[in-house]
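One structure coming up, written as structure tokens, with questions to follow.
Chain lettering (A, B, C and D) follows the sequence in which the chains are written, and residue indices restart at 1 in each chain.
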Amino acid sequence: MKKETVGFVGLGNMGNHMARNLIKNGYPIVVFDVNTDSTNSLKSDGASVASSPAEVASAVTKIVTMLPESSHVQEVYNGSKGIFSTVQKDSILIDSSTIDPSVSQHMASEAQKKGSVYLDAPVSGGVNAARDALLTFMVGGPETHFNQANELLSLMGKNVVHCGAVGTGQAAKICNNMLLGISMIGTAETMNLGMKLGLDPKMLAKILNMSSGRCWSSEVYNPVPGVLEGVPSSNDYKGGFGTALMTKDLGLAQSAATTTKAPTPLGSVAHQLYRTMVNHGLGGKDFSSAYLFLQDKNQK
Amino acid sequence: MKKETVGFVGLGNMGNHMARNLIKNGYPIVVFDVNTDSTNSLKSDGASVASSPAEVASAVTKIVTMLPESSHVQEVYNGSKGIFSTVQKDSILIDSSTIDPSVSQHMASEAQKKGSVYLDAPVSGGVNAARDALLTFMVGGPETHFNQANELLSLMGKNVVHCGAVGTGQAAKICNNMLLGISMIGTAETMNLGMKLGLDPKMLAKILNMSSGRCWSSEVYNPVPGVLEGVPSSNDYKGGFGTALMTKDLGLAQSAATTTKAPTPLGSVAHQLYRTMVNHGLGGKDFSSAYLFLQDKNQK
Amino acid sequence: MKKETVGFVGLGNMGNHMARNLIKNGYPIVVFDVNTDSTNSLKSDGASVASSPAEVASAVTKIVTMLPESSHVQEVYNGSKGIFSTVQKDSILIDSSTIDPSVSQHMASEAQKKGSVYLDAPVSGGVNAARDALLTFMVGGPETHFNQANELLSLMGKNVVHCGAVGTGQAAKICNNMLLGISMIGTAETMNLGMKLGLDPKMLAKILNMSSGRCWSSEVYNPVPGVLEGVPSSNDYKGGFGTALMTKDLGLAQSAATTTKAPTPLGSVAHQLYRTMVNHGLGGKDFSSAYLFLQDKNQK
Amino acid sequence: MKKETVGFVGLGNMGNHMARNLIKNGYPIVVFDVNTDSTNSLKSDGASVASSPAEVASAVTKIVTMLPESSHVQEVYNGSKGIFSTVQKDSILIDSSTIDPSVSQHMASEAQKKGSVYLDAPVSGGVNAARDALLTFMVGGPETHFNQANELLSLMGKNVVHCGAVGTGQAAKICNNMLLGISMIGTAETMNLGMKLGLDPKMLAKILNMSSGRCWSSEVYNPVPGVLEGVPSSNDYKGGFGTALMTKDLGLAQSAATTTKAPTPLGSVAHQLYRTMVNHGLGGKDFSSAYLFLQDKNQK
């Protein structure tokens, strides 16, 4: 039985892999991206290419979007050639971008006016997880529509979690990344302090990981070069999750914290430190380069 | 074969359990504490009671000490009726207190002048772990003496880790607790933010724990009441590890960071927050009461 | 010669005094506020009362607005009965609210579409300065229109500063308040530390104020009760500038810092501390109650 | 009438000027420093040179010391050739070093055992103030001995303030420098934010200085190049008060805060930021280079 065609807008580092996983699972897709190299590459893999989000929305009733920031989401959905200009009744719109939860909520209410449904479904896991369909999706939206979205999302990830009403997917994502951002700097300063006190870094990591200090950053993504293999810190902080992106996510967390009047003392300091790291040229390096930033540069 | 008598100084919440585990394993012990209730209790379990640390040191050549702060260690070892006033040649002195690494190093050098050996061996794990001989010991000192100490320590804990030269046991301990102190506040502010954004706390904890935000504090010691059973947060923050003790350990970390010129931005903010919590009356509550401290009290 | 009637929208703690100062200077005014007590009070002083911002804008071509937050500004200008629905060509709209600079810029561009002019003109100085026409106005907008606005503003304040293009008035305001918010907490923790170290608070304030530590908060608004007379700290932190308002202004600063990618480490920590103070019930107290918040409550 | 000979130990950047001001006022002096260039230079100006602090103390009964850190003070007073080894009864020992208040208190109690008096008298004001006898001395010690010390100190400074018991001079000094360190970073981030928001830096400084944000750092030591003439920021951050020295003073403040259990949230973040600046090579630059550190380096 032929599968229904799916639309995909946003074919960047993450989106192009996600779209390909739909193709691999037998779904015809129609795609749009402002970058024609990206669309050409998908075309050669079998995708149809549309000239605008509006054209995608007039062709199909299931669309996935994967965009860098809130402003792109507003343009792709609400712009003059945006999805909402042509969206069909009962369409399902799944936005996997990481953006401000209040923007997600606004998009959902616009979608509702058009008789369609918008769900926020941001992801955790990086480029490799996108390629290997190992992403985790955190989904916000009504239960019934979650089940419809789940069918597609489970082809692109291994975990699809329903978090609650629209916007809660974003909320879960920025909460996770705030705690991650804090833990990573905490791990970096702890490892650096321990080494200055005479501890071997592998020994210290072992002790932390068998004790109450352990966290994802100390266990599977240690920021000190040489402690673990195959992580960015052991590859000159290349690849991974860029400091500029972490800074952006912590900015979303701060904005949400201000709106909800929730104090986030460590989240705000972490945000400012990553911001300063970006200013010092580390924006394109993995965020575990916090360790590099704290190092004493006079000792070389 | 009769076992050699061991000395034990410091019979507080932790020390009394540790001493009892030596008795259970067939070791005769001679004890001292300024609190006679504590010594009487051990006496009824078979311990001999000495009138001073000096008397302990003149009676035995293996001594374990478990004291609250650096100043007590200095008094017990270096005071007028201290261990060093009578210590025998080739004695092994094992200090399980959590204190400033530089004080440990000073004690070790004093011990050396007397022809004896001092090792720092602070513990992780709380009162229950002390009772059940499930502590982790982080030991600093020469390899050969570590092996001698190991024989006794393994009767009181399940993990005995050799960290390096004297002082590195303390270093490992304060590094672990600094990262723990940071992660706990990070978890508290993240959980609070997520709940304000509409997420169910158990759902949010589940998502964090399957993602990169996971840490010991989110997984096994969650600070939000009701997320986990059997943790202090679900028992009005009673029991566990007091905020005042965490504040003390972070003070040691800050002192070590200043001495070694290692930047610890989040460690220092965490220290100040726990200090402020103590000032607000939470010193005797578990340190996971950071969640309580961040709460909006106007909403009741 | 009869003076031109001026519109005034927003008659709260500040606005009612500012409007009265226009009356005192011989200007007929037409006012609007959602609170009828406020409009009745102005009516008894000679003001005409309109039923909406739209009615004000249809009656006059010079309008001053003084509102609590960005959302109120959007409603008063852009709402269905807002100023823009009836604004006359060549009107001058002067907004003295403290809001997000990007909202000011948006309002200015909306005004331009209507052939009118919007200037941002937030104030510094509190309720007494408003009453006594001693406010400082920080004005953003074109030079020629600044001169027109100046005529009115100089009746309500003693300093009217042209800061640059529209939005720069807000920028100057939130910069000042960010530095003020930082200095106040800095002064509070410094005074507290000095007193714990045995210094008399008046002596310490004197030393700071003759040295490089001096700031407005140490000199004329000292947060320690009894150091100065006639300031909120010597009156149980009543009156003055509420902690909740400072928190709001620091939230605007954080938002502007995120947008412009400017690191503000101390500004962000200060924001979080004031936020936590609000959560602990100090929102209605003067922001110098930071000193109260840091105090050791166990010592009473 | 011939004046009594005075001893001076520590002839560094500050001390050599202070000692010369005693000579200028007709006091014979006997000096010691480990650096023979320094002693030779004073010798050519008429000073006698001693071979150790002990030799100074055996020759005179009034001694001023000006040393870099606590450890040097301990060596100069308590070392084997230190002042206490030969100090005469009723000697007055005035220590102008900036050190830990508890070390000052320890020295005072040692002095008392010898029948002499120790006062702490740290200074504010830099090298130029030392040269021009414009220093401020903050003095801790008994009233009667303060009056004796005042006679000498007033020859080297313009303000001599009695702060209270011994140690309070240090307390006042580290309090001032903590607030200064906070205000400077606050000013740096505020100026940077304002400029990013489109404000002219001189305009912004003017507004701050006429408003509640004003502080010594914004008014007379502005960290943005070009705002003021004759300050380090307008001379590539050369001269002035080095970041490494500020970091040391904030370390003393943190230590005092931990001992007295006083929360210093902004003081601790400022400490960590200056520490990080030192690690990035700014230790020898003026501490107003905080502005430089926060800058976006990608924009060049």
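The rule we apply is simple: contacts are C-beta pairs under 8 Å (C-beta built on N, C-alpha and C of every residue); 3 or more make two chains touch, one makes a residue touch a chain.
In UniProt terms, the chains line up like this: A, B, C, D = 3-hydroxyisobutyrate dehydrogenase.
Not measured: the values here are computed from a predicted model.
Compared on C-beta pairs in contact, B-D and B-C come out with B-D as the pair having more.
Greatest Cα centroid separation from subunit C: this falls to B. The geometric centre of subunit B is 50 Å away from that of subunit C, both derived from CA atoms.
Centroid to centroid, with C-alpha atoms defining each point, subunit B and subunit D lie 38 Å apart. Contact of a single residue of subunit B with at least two other chains is seen at positions 261-265, 269, 273, 276, 278-279, 294, 296. Here subunit D touches subunit B in the complex through residues 251, 254-255, 258, 261-265, 268-269, 271-273, 275-276, 278-279, going by the rule given at the top.
Touching subunit A in their complex are the following residues of subunit B: 101, 124, 136, 138, 159, 161, 163-165, 167-168, 171-172, 175-180, 182-183, 185-187, 189-194, 196-200, 203-204, 206-208, 210-218, 221, 253, 256-257, 260-267, 269-270, 273, 294, 296.
Residues 269, 276, 278-281, 283, 293-298 of subunit C are the ones that touch subunit B when the two sit in their complex.
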